[in-house]
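Two complexes are shown next, each including subunit A; its partner changes from subunit B in the first to subunit C in the second.
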Partner chain A sequence: MSATAVAGTVARPARLRRRPTASFRWMVAPALLFAAGMIVLPFGWAIWLSLQETMIGGEARFIGLDNYRRLIADDEFWNGFRLTIVLWLLSLALQLVLGTWLGLLLARLDAARGLIRTVLISPFMLPPVVIGMMAIVILDPGLGVANWLLKEAGLPQLLFLADPDTVILTVALLDTWQWTPFVALIVLGGYLSLPRDVFEAAEIDGARAWQRFRRITLPLLAPTLVTAAVLRSVDLLRFFDVIYITTQGGPGHASTTLNILAYRRGFEFFEFGYAAALMVTLSAIVFGSVLTFARLRRAVAW
Partner chain B sequence: MVGPRRTARLLDALQLALVVVILVAPVAWMVASAFKPRTEVAAIPPRIIFTPTLENFVELFQRTDFLENTLNSLIVAGGSTILGLVLAFPAAFAMSWHRMTWPATATLFARMAPGTLFLLPWLVMFTWLGLVGSHLALILTHAVITLPVAIWVLLPYFDALPREIIESAEIDGCRQHQTLLRVALPMVAPGVVVAAILCFVFSWNYFLFALVLSGFDSKTAIVASFNFIGEGVTNWGALMAAATVIALPPLILTLIIQRRLVGGLSAGAVKG
Partner chain C sequence: MLRRTLAALAATALLAAPAVAQDFNWRAQEGRTVTLLLNNHPWSQAMREMSADFTARTGIRVRMEIFNEEQFRARLTTLMQGRSADVDVFMSLPSREGAVFKRAGWYTDLAPLIADRARTAPDFNYEDFGAGMRQQATLDGLVATLPINQEGPLFYWRRDIFQRCGIPEPRFVEDIPEAAAKLRACDANQGVWAARGLRGAVPYALTGFINNLGGSYATPDGKPGLCQPASVRGIEMYANLLKEYGPPGALNHTFTQVIELLGQGRIAMTHESSNEFANIVRFPGRAQDIGVRVLPPGRETGISRPVVIGWGLAISAHSRQRDAAWLFLQWATSTEVQTRLVQNGVAPPRASVFQGPAFTAWANEMPIRRAWADALVEIGRTGTGVYQSPTDRIPEARDIIGNAVQQVVLGRASARDAACAADAELARLQ
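Let's look at the complex of A and B:
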């Protein structure tokens, strides 16, 4: 133990052993001060709010965990939870599968440059409100071009965002349209950083394309895919904008995910205490999933 | 041997062409609809050939406050970009120099919480301060988006700075803020440009905070566009004209930095 410590000291480059010159630590202060006022304080405040009963015009009253007990018994909460999980898993699966396919396609064709790169980047740089507006016009049940195309192709017409049975799938497809290129570019980056000789060796050994993908490419890409999954999961679990812009949670409650439910409780019904409890619960779900992915990432590291 | 290879390559190219069509078609439809005459926007069967007109844009800017809304968006996005950079630049330098990891992790965690969580206390806070409906409230809240993005984009640029240069500036008697502005800033200027553009785009695109905290005089183009939908606007031409206008700045700006974009995005981790 002590021997390694001594060895470590000896091996250190001289530059690092020199006594540190001035400290620049104070330069973090303005950002920390801002974060304290705009992030930490409101975060604590939201937790405090979640322990209170708030009425419009009335005094707030401390009620302990009652808001959380109410939440456990609330059908709307469980409806929102179910929709959040379905939307998350559906979109994530679509984006990881299609993103891997597209990323490897780009690698084979060496195509992620110039105009093609612009086309790939554009969707996820567009404002979500633009995605929503395009969806409203293109997917309009009566006058939209999507249903016209379906009809011309001899397929049944769909209500898309106006049908409780298809609204979540439609939102998932909109998000997949927007974010698959992002996943593909991450996969491409990960693939290009892999050691070439492994693939060459496999090819010389006569491994078939599917075997090479299944046994070599996929395991080597696993850490990259987990990173992409984390980035998408954080967005998907707290998905708000495109849903609120296109349906406001409807029809009925068919797209009232947890974040939409929390927003409506807070800013349409002004039940601040209960809304805060919903938001804190959602935050816990997001943090929990990120920590799970962090463990998964260690498990698939090579 | 050449035969199957060539077929495989042709199949790959066809798949890529299909992806490009799927990605481009909706945007092309949006832009085309913005230039269609009123009577043809919602025509069935859809019109592919039409005489382009500017009447939708004229209506958008003359009959609504969209010009003011766009100016508000510029003020908010510009202000929060500057605020985010001013806070992030020294912070990222110190974090890189002293190899501090906890502030970066902390900001990342803060960015994972749903925006609605912060919005509730902010509404109380800004109501109390009399700032609801002001540009300042939007600039402050959007800086919560831009600050972590700027830190995460700038960190690798500072990490790549040779320590000797900063140390010799020290020895030459440079004051700390001079070291930062005269020595470090010119060397990480490309990083600052990337960070500024990403901050501006994220702030420009952001919907939720302005939805609740903006007033008549500070309504952003994003929220105004959302309101057009809510008002049951049947004029799809004007709606698509608005969509085209707000889509332009992000598209043009990201075009400039697209080479460095994906690294910055996956490091800066996700939008609000």
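Let's look at the complex of A and C:
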């Protein structure tokens, strides 16, 4: 028996180390080619473009890192960077807190569970364009139903997307409305897969609900929450659709996030080189945040 | 009744056509398909239904992609930058993007096609398009587009509300803020004013105020001129009207919201596109109670210099269906089609249509239509296609100008400070 066990432990690494066969390489090749065609080449092209001065009708000119130097000196870039980070952190915090609360609430729900989950899915099934159009109609300070309801309730009316001081908060709330159920469903899945005996033991030991949540549920859910945070972060850092449809980056530059800025520079002002530099920088920020969360996930793993 | 009149006139035109049509083979490109990339515009909406007539006449199928202006521009840029042959015909505003698109080589020069007797219907008559329209569409000798409409911002006001409050119709541009104050005093529940506040959309409606008060986007030596005293007065008047009398949220408004507000009866005055006339009078009661005219001239200057622009149809330089596309352009800009398009509120750029019996009959049916038509004649005569400081980076310049107005509306800068700061930015685009 012992000999068999030894043989088994020796055999496994040997199998893992085996060199790929020719047929294996052929089978993998299409996927690799597809990945190269769809990811590596466009990204490489974007980096190459960011090193050039390229405008419609003009000859492309290699300018090295000048676009990046311009970016560092550009107030609009720093404004966009600040807004991107504020929108990301604000929305992420709201969605993780509300999503956890909603997910745990759903776990306790017995009646009409299927129906409620279906209803919860519906916001994030909507295309962002639809959300944007709905926001224009509902939140217009003069024409929208939101201010009409506030007025009927005797509350002060708001400017929502038309006020530079509230536009990012409004966009964050719109995104939170759409994506909190998504986080809630991830939390629910994570929670239902946790070992029940830990909770029972804590209950027997007399731990109160808050203590159970803080000392047991939250630490056990941490890897799930980090996964949700990664998925939402990638979306939030490159947030575009709803802002472009509702405000186009305004009022003033109050909602000109990095993605909006890059789009305008590229597609409206035809500065493709500078727009590419902005997008490469944004990609680096997204990549950095994913790496940070990957480290965090390892730290909270159990 | 109007439809019947126009149909009869169009039928008469068609009956008269065979003699000419016999000389020209409309079916030379039968079986081909042309792809159109269009901005969402009354012209495009009408074309959705009318293009079947083109197919019936030529045997050429039409594939149409219509997007809102921002998406339309993004798609056009992507396709043309990639030298794609996926689009054969696209809408273009030569006054806005003509110089850049020409430099990029995106336009097919239409001049040789117009001159080619084998490819062009004998009754096409290019000279029938207004001289100003032809001039806007011609870039250093290259004919970039065929005009499909003419448009410009007009002053719309509610005659019934003015009458109820005993306020005379504004005769000068300076009368507008005075009328606004009186309207507010007369009926505090009635909205007074709305206009474009969205950054890139502002200059189109702002320019009349600057020009009529004696200002200009350029100094006599060709530098940005927003900081000139008269230009500052124009910016101040436009921004203050929005700030003091505009609807909440005006800084995110473009023509869609403005027209909705006017149509629903929530405002008493606006300065908005002539294109929207058909949409406005579709709202109950508006055909009877609104007035429309060119923005009044300055009281001291006597100047009236409105904006007038015209969309055109261009053939992509990368198109592989150039001959079929040229047939579409001829048909879409023909007298017959333009006569029918008037029903959709598309102001015709052909003189023969504008002065023709069908258009005259249509305009004379209602006083408001006559007023609209007269206003269009006037902007065609006195208008300018320039509404930014001298540069060929036009969208960026308009964005900077719009931002200056927004800063004033937000109370973050005086008109003078915002205008002078904008001039410094605009100078970098020259």
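Descriptive notes on the structure:
To be clear about the criterion, the second predicted complex is superposed on the first by the 268 of 302 C-alpha atoms of A that agree within 3 Å, B and C clash if a C-alpha of one lies under 4 Å from a C-alpha of the other, contacts with A are read in each partner's own complex, and residues count from 1 in each chain.
Everything that follows uses one rule, which is that contacts are C-beta pairs under 8 Å (C-beta built on N, C-alpha and C of every residue); 3 or more make two chains touch, one makes a residue touch a chain.
Quantities reported herein were computed from a predicted structural model and do not represent experimental measurements.
If you put the two complexes together on subunit A, you find that subunit B and subunit C bump into each other. Using the contact criterion defined above for the overlaid structures, shared-chain residue A:L32 touches subunit B, although it does not reach subunit C.
When both complexes are overlaid on chain A, the residue A:P164 reaches subunit C alone and has no touch with subunit B.
Once the two complexes are laid over each other on the shared chain, residue contacts for A:L143 go to subunit B and to subunit C alike.
Residue contacts after overlaying the shared chain place A:F267 against subunit B and subunit C alike.
In the superposed model, A:L120 makes contact with subunit B only, not with subunit C.
Put simply, more of the residues of subunit A are touched by B, taking subunit B and subunit C as the two choices.
By the touch criterion stated above, A:G250 is placed in contact with subunit C alone, subunit B being left untouched.
In the overlay built on the shared chain, the residue A:G132 is in contact with subunit B alone; subunit C does not reach it.
Shared-chain residue A:A229: touches no atom of subunit B or subunit C. In the superposition on chain A, subunit A positions 140, 143, 244, 263, 267, 272 are in contact with subunit B in one complex as well as with subunit C in the other.
Against subunit A, in their complex, subunit B makes its touches with residues 9, 12-13, 15-16, 19-20, 22-24, 26-27, 29-30, 33, 42, 44-46, 86-88, 90-91, 93-95, 97-98, 100, 103, 106-107, 109-125, 140-141, 143-144, 147, 151, 163, 167, 170-171, 176, 180, 201, 204-205, 207-208, 212, 222, 225-226, 229, 236, 239-240, 242-243, 246-247, 250-251, 254-255, 258, 261-263, 265-266, 269-271.
Of all residues in subunit A, only 56-58, 140-143, 147, 157, 159-162, 164, 244, 246-253, 263-264, 267-270, 272 touch subunit C in the complex they form. Taken together, the subunit C residues at the contact with subunit A in this complex read 70, 73-74, 77-78, 81, 100-105, 191, 197-200, 247-252, 257, 260-261, 264, 266, 393, 395-396, 399, 403, 406-407, 410, 412. Of all residues in subunit A, only 15, 21-28, 30-32, 34-35, 38-43, 45-46, 49, 102, 105-106, 108-109, 111, 116-123, 125-130, 132-134, 136-138, 140, 143, 145, 148, 177, 181-182, 185-186, 189, 227-228, 231, 234-235, 238, 240-241, 244-245, 259, 262-263, 266-267, 272, 275-276, 279-280, 282-283, 286-287, 290 touch subunit B in the complex they form.
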